[in-house]
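Heads up, there are several structures right after this.
Both complexes shown next keep chain A, but they swap its partner, so chain B is in the first and chain C is in the second.
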Partner chain A sequence: MDLKEKIISSYVAFEDGVNINSDIHEIRTEAFQNFEKLGFPSKKLEAWKYTSLNTILKEDYSIFPDKEKSINLADVKQYFIHDIDTYKVIFIDGKYSSFLSETTHDSIDVCLMSSALTKAKYKPVIENYFNKIAKQDNLTSLNTAFSKEGAYIHIPKNTEVEKPIQIINFTTGTEAATMLQPRNLIVVEQNAHVQIIERHQSLTENAVLTNVVTEVYADRHSTVDFYKIQNDHISASLVDNTFIEQQSESVVSVHTFSFGGNITRNNLNFYQKGEHIDSILKGITIIEGKQHVDHHTLVHHIEPNCESHQDYKGIFDERATGVFNGKVIVEKEAQKTNAYQKNNNVLVSDKSTINAKPQLEIFADDVKCSHGCTIGQLDEEALFYMQQRGIGIKEARALLMYAFANTVLESVKIPEVKDRITRLIANKLNVNIGFNI
Partner chain B sequence: MLKIENLKASVDNKSILKGLNLEVNAGEVHAIMGPNGAGKSTLANIIAGKEEYEVNQGTIELNGEDISELAPEERAHIGVFLSFQYPVEIPGVSVTNFIKTAINENRKAKGLEEMPAKNMLKMIREKSELLEIDRKFLSRSLNEGFSGGEKKRNEIFQMAMLEPKLAILDETDSGLDIDALRIVANGVNKLKSKDNAVIVITHYQRLLDYIVPDFVHVLHDGKIVKTGDASLALELEARGYDWIKEEMIS
Partner chain C sequence: MSKYTEDDLREELETKEYEYGFYTDIESETFAKGLNEDVVRAISKKKNEPKWMTDWRLEAFRVWSKMEEPEWANVSYKKPEFQEIAYYSAPKQKPKLNNIDEVDPDLLATFEKLGISLEEQKRLANVAVDIVVDSVSVATTFKKTLGEKGIIFMPISEAIQEHPELVKKYLGTVVPTSDNFYAALNSAVFSDGSFCYIPKGVRCPMELSTYFRINEGGTGQFERTLVVADKGSFVSYLEGCTAPSRDENQLHAAVVELIALDDAEIKYSTVQNWYPGNNEGKGGVYNFVTKRGLCETNAKISWTQVETGSAITWKYPSCILKGNNSVGEFYSIAVTNNYQQADTGTKMIHLGKNTKSTIISKGISAGKSQNSYRGLVQINSRAENARNFSQCDSLLMGNKCGAHTFPYIEVKNKTAQVEHEATTSKIGEEQLFYCNQRGIDTEKAIALIVNGFSKEVLNKLPMEFAVEAQKLLEISLEGSVG
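Then we have the complex of A and B:
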């Protein structure tokens, strides 16, 4: 039985565990039928031309891991940003861990999707926002069909959330192969501000396929800073589907740090539904071996006077492959749009690959849209220069790569996150030098 | 300190150095002059260990140790410094942090602890004052958008920080106005001691007014063809190189 058939046949069992008389269940059923029709994406689809899921779909995934396994904080502390106070919504094998979490209902809601989907008091928010901007494509439909658990965050208007919120999905490897469908909803009302750190972390070498969907609604004049840390085991694959709707004068930034995993696909979609909106999409990818990271971004400029800024840096060593597909749509009404896209790549090895494709669809005439894409190697002259000053070749390479990626780090607003990323880069490049540049 | 014997070297199979001999002792300043294409920069890069140059024959010894198989950073660790003719721009790395990294990597190679931040700052302040370098300059990206003079001053600043045994200044005077030339030369002179040595590669006599050499060598077609004292540089300035070529033929 292939994975699609296995998923389809297990849907009945899934329905046993959820309330099938709710409105949500209609959404699930529709999504399920959609997935049944579409199946998994193949390379025949333009959007999946350079990313094949074939190898990872062959695993015999456990679709509803139900063996409970507790983990010790000491064993996983390293995956938290622990030097600052944060809210935490933590899942182990798809199940909420109250022990590791720190949620709140004190003026804001930082809690569980399973509660939000079932309790009456959340009904108005769920009705207004759940599955409203998520695309009806293959994998998003799959997630919607099985949506049950994840983080639910609701920030009322005029609220500055002092503590960042960490969402971490741990996989323990109690099953030989685990498939997860986390579903997050983040609603940020007028003039509110929140910072979110998301991570998916496998704790063993057993195969994991995470297909996560996150919907973010940023109301007027709100600010959302989202940091995605992707530094997982080589046996763990991730499809991240993030959909962000912004109202007037909101500022939303998403930083994606992709340092590890087997196949990582980021579908990051911004929809601008007002004026004077700023959307910021940044990423650093540093991978080697046979790792694969694919960034598919979409910024849909619908109204006038908005901006979008994209800056993606990629460093690919050995046989690693990367994809950057950045689509910007500027509608006819979206005059005075300022859309900026930059994608720079370094191929460290002659066996590494990057497929870069900027896609600009501009229907307005009074706009500033720029895109720049570069693919290069490390500057040999610069390496010799640094070596001549006593810096070893490994350190010299690392310093050059760090400097190359640094424009993305500069806009990280949480110092502890910046420090963590810096350390991850140093570890990744196997050097012990301070990059305080 | 430096002893080069019968050095033959090539790049892309093109022979550039054709049996060069040079001996530099501690406390000495040597000038190497010569027409374009004589192999001056090649010599500098080979001593520093640039990979694209191939040493076909001969030896390069530093304090009795054959360095010709050492990596560039290993040569730096034992005291070789090259002031680049064209210093490389490294966007995203500030002057200060580059030199901090360089100093600590050198210390690491010698089995020393990192230099305490306080000492580092003090040293940076002293050496930047010596070269009349503005504070703001130190926080800029290394060499990025620097004028020719700023780049060269920054090279000598790094030399001052790293305190090499053997400093090779490859056309450090090119691109310098007379004030910058004086500052740079003054810096080099202050760093000179009986324990270190300097090789000055230049086209012009001008720099040698300020950094007075003990020996002047003329490099022509991959060999040192004439050696003299400081007065040789003056003579070259006045008469050019042709008379040396004629002397060689006769």
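Then we have the complex of A and C:
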């Protein structure tokens, strides 16, 4: 039985665990029918031309991991940004872990999707925002059909959340292969400000497939900083679908750091529904082995006077493959748009591959749009210069790569996250130097 | 005209009628509409072709009948009804061309309207012209001069008779019959085109040029061009098009194959001005062209194109850089207006070591047109030290048109250096103001800016052709190019 059939046949079992007479379930059922029709994406679709899911869809995934497994904080502490105080929404095998989490209802809501979907008090927000921004494509529909658990964050007007929020999904690997479908909803009201760190981590070598959907709604004057740390086991694959709707004068930035995992696909979509909006999309990808990372971004400029800034850096070693597909659409009403897109890549090995497709679709004339895409190597002369001065070749390379990625790092606003990423990069490049020179 | 603004220019662009829309009444012999194996055989028979050629056409036809029309391009149009097209049309009188006086006076008048004076060209421009009116070549000049150098430049139908070994060796090697839907169709039914062979070490002393023209209403034109530059040779080839006003959509599916053997260089320039349809988007030519060149060691192929016409343009002149140290270049200006749609670009396939490619593409959209750049740069794993530079710039006039870029970059070698950049902008108010301040009026300023925008590409055209290109740009952007 292939995965699609397995998923379809398990839907009845899923329905046993939820209230099937709710409005939410109508949305689920519709999405389920949509997935039934579309199935998993194949390479024949233009959007999936360079990324094949075939190898990971072969696994016999367990769709509903049974029981909550307890894990010791000491074992997983390293995956937290633990040197600062944060709110935490932690899931183990898709189930909420009250032991590891730190949620709140004190003026803001940082809690669970499962309660938001079922409790009357959240109904107005859910009705307004749940599944409203997400695209109705195949994998998003699949997630919607099984949407039940995830993080629910609601920041009311004029609130600055005093500490960052961490969302971490652990997989314990008690099953040979696990499939997870977390569903997150983040609503940030006028003038509010929030910082979020998201991570998916498996604790064993067993296969994991995560298909996560996150919807972010940023109201007028709000600020959202979103950091995605992807440094999972080589056996874990991730499809991250993030949809962001922005209202006037809001600023949303998403930083994606992809160092781990087997196949990682990031579908990052921005919809600008007001004026004077700034959208920032940045990413660093450093991978090797047979890893595959695909960044698929969309910025849809609908109203005038908005900006978007994209900056993606990639370093590819061994047989790694990277994909960058960035699309900017400027509607004809969206005059005075400034849209910038930059994608720089370094191929370290003969066997590594990069496929890039920076795409512009522009219908307005008074705009400044540019995209730049480069593929190249480290400067031999710079390496030689450093070697002359007693810096080993490995360290010299690492220094150059760090400098290459630094334009992305310097806009990270939480110092502890920046430190963590710096250490991850050092670790990834197998050198023992602090880069804070 | 005291105050000429960008709006005026746009207005003018939108209302500008096609200037070359006239129709020459020459008796033509036309086949009944429709396409089947018998029609393919009949075309082949008409041309008195050898058996291998007939078989080649039939093979292509069989492949074509199994294919489907591609739909991936960023254009929308009513699909041509392939059974409603007559696949062969030739002027009945076929003048011998040793003497220009023998040419039908009507035809000469046509050429005059096109701005081609054979006499003048013979005397002044030193250009050999192989003029194709409705698929059959009717005038060839300078054949003698070329003959002395051993250069073969003739209609491909004659080449099939006179140099079958060359045609057989190279035809379909760069664009196989099964390459794509339109190439297969062309292979099956092409009626004529040009064949050019430059022998070893010969530098062709003049620009070779062909003027194509669709004439008979309701006939599609399917030319086939094959240019072979033998080792160490050089040729500059020019191709230019104008077509008369027609209300029903005309199909144009040409195939151009270039082969540059070791150390050879081919420069291929096109000025395309097929009828774009009227300003309501009615009529116009569908231009679905497959152009591809193959570079052997140290060879160079350079494509230059100025695209101003056609209702739909679907065209990707490509270079296969097979040999080490080979070079591919692509310079393009595409102007779209009213309801024109252009989906054009290039493919650079790097196979050999130290291969280089340069892409400069300029798109200008006005009216309600859509202008897309679609390109592929592919560096294969054995292409050490490959180098590519791409630049796609778009200029938009008004917010009813669109500019799109779809660059595909696929790199499988770490020593590759690939750069791609694209910008989209309108004519800057500051730039205009700067010019105004210095006493340059707005009209001239716009001319200056548009000229400067396309200069990089215009500069690549051969001298003799630059005049023609300027003329066509003037028609598309009159009032702005001074």
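Here is the rule we go by: the second predicted complex is superposed on the first by the 435 of 437 C-alpha atoms of A that agree within 3 Å, B and C clash if a C-alpha of one lies under 4 Å from a C-alpha of the other, contacts with A are read in each partner's own complex, and residues count from 1 in each chain.
Just so it is clear, a residue touches a chain if its C-beta (ideal position, glycine included) is under 8 Å from a C-beta of that chain, and two chains touch if they have at least 3 such contacts.
Bear in mind that the values here come from a model prediction, so they are computed numbers and not experimental data.
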{"item": "First (chain B), second (chain C), both or neither touched by A:Lys163", "value": "neither"}
{"item": "Partner contacting more residues of chain A (chain B vs chain C)", "value": "C"}
{"item": "Touching partner for A:Lys336 - first (chain B), second (chain C), both, neither", "value": "neither"}
{"item": "Touched partner set for A:Lys290, first chain B, second chain C, both or neither", "value": "neither"}
{"item": "First (chain B), second (chain C), both or neither touched by A:Lys368", "value": "second"}
{"item": "First (chain B), second (chain C), both or neither touched by A:Arg319", "value": "neither"}
{"item": "Contacts of A:Lys273 with chain B and chain C, given as first, second, both or neither", "value": "neither"}
{"item": "Residue ranges of chain C in contact with chain A within the complex", "value": "72, 379, 381, 394, 396-426"}
{"item": "Touch list for chain A against partner chain C, complex", "value": "46, 332-333, 335, 345, 347-377"}
{"item": "Chain A-touching residues of chain B, taken from the complex the two chains share", "value": "48-51, 71-73, 75-77, 80-82, 84, 87-94, 97-106, 109, 158, 162"}
{"item": "Touch list for chain A against partner chain B, complex", "value": "379, 381-382, 384-393, 395-396, 399-400, 402-404, 406-407, 433-434, 436-437"}
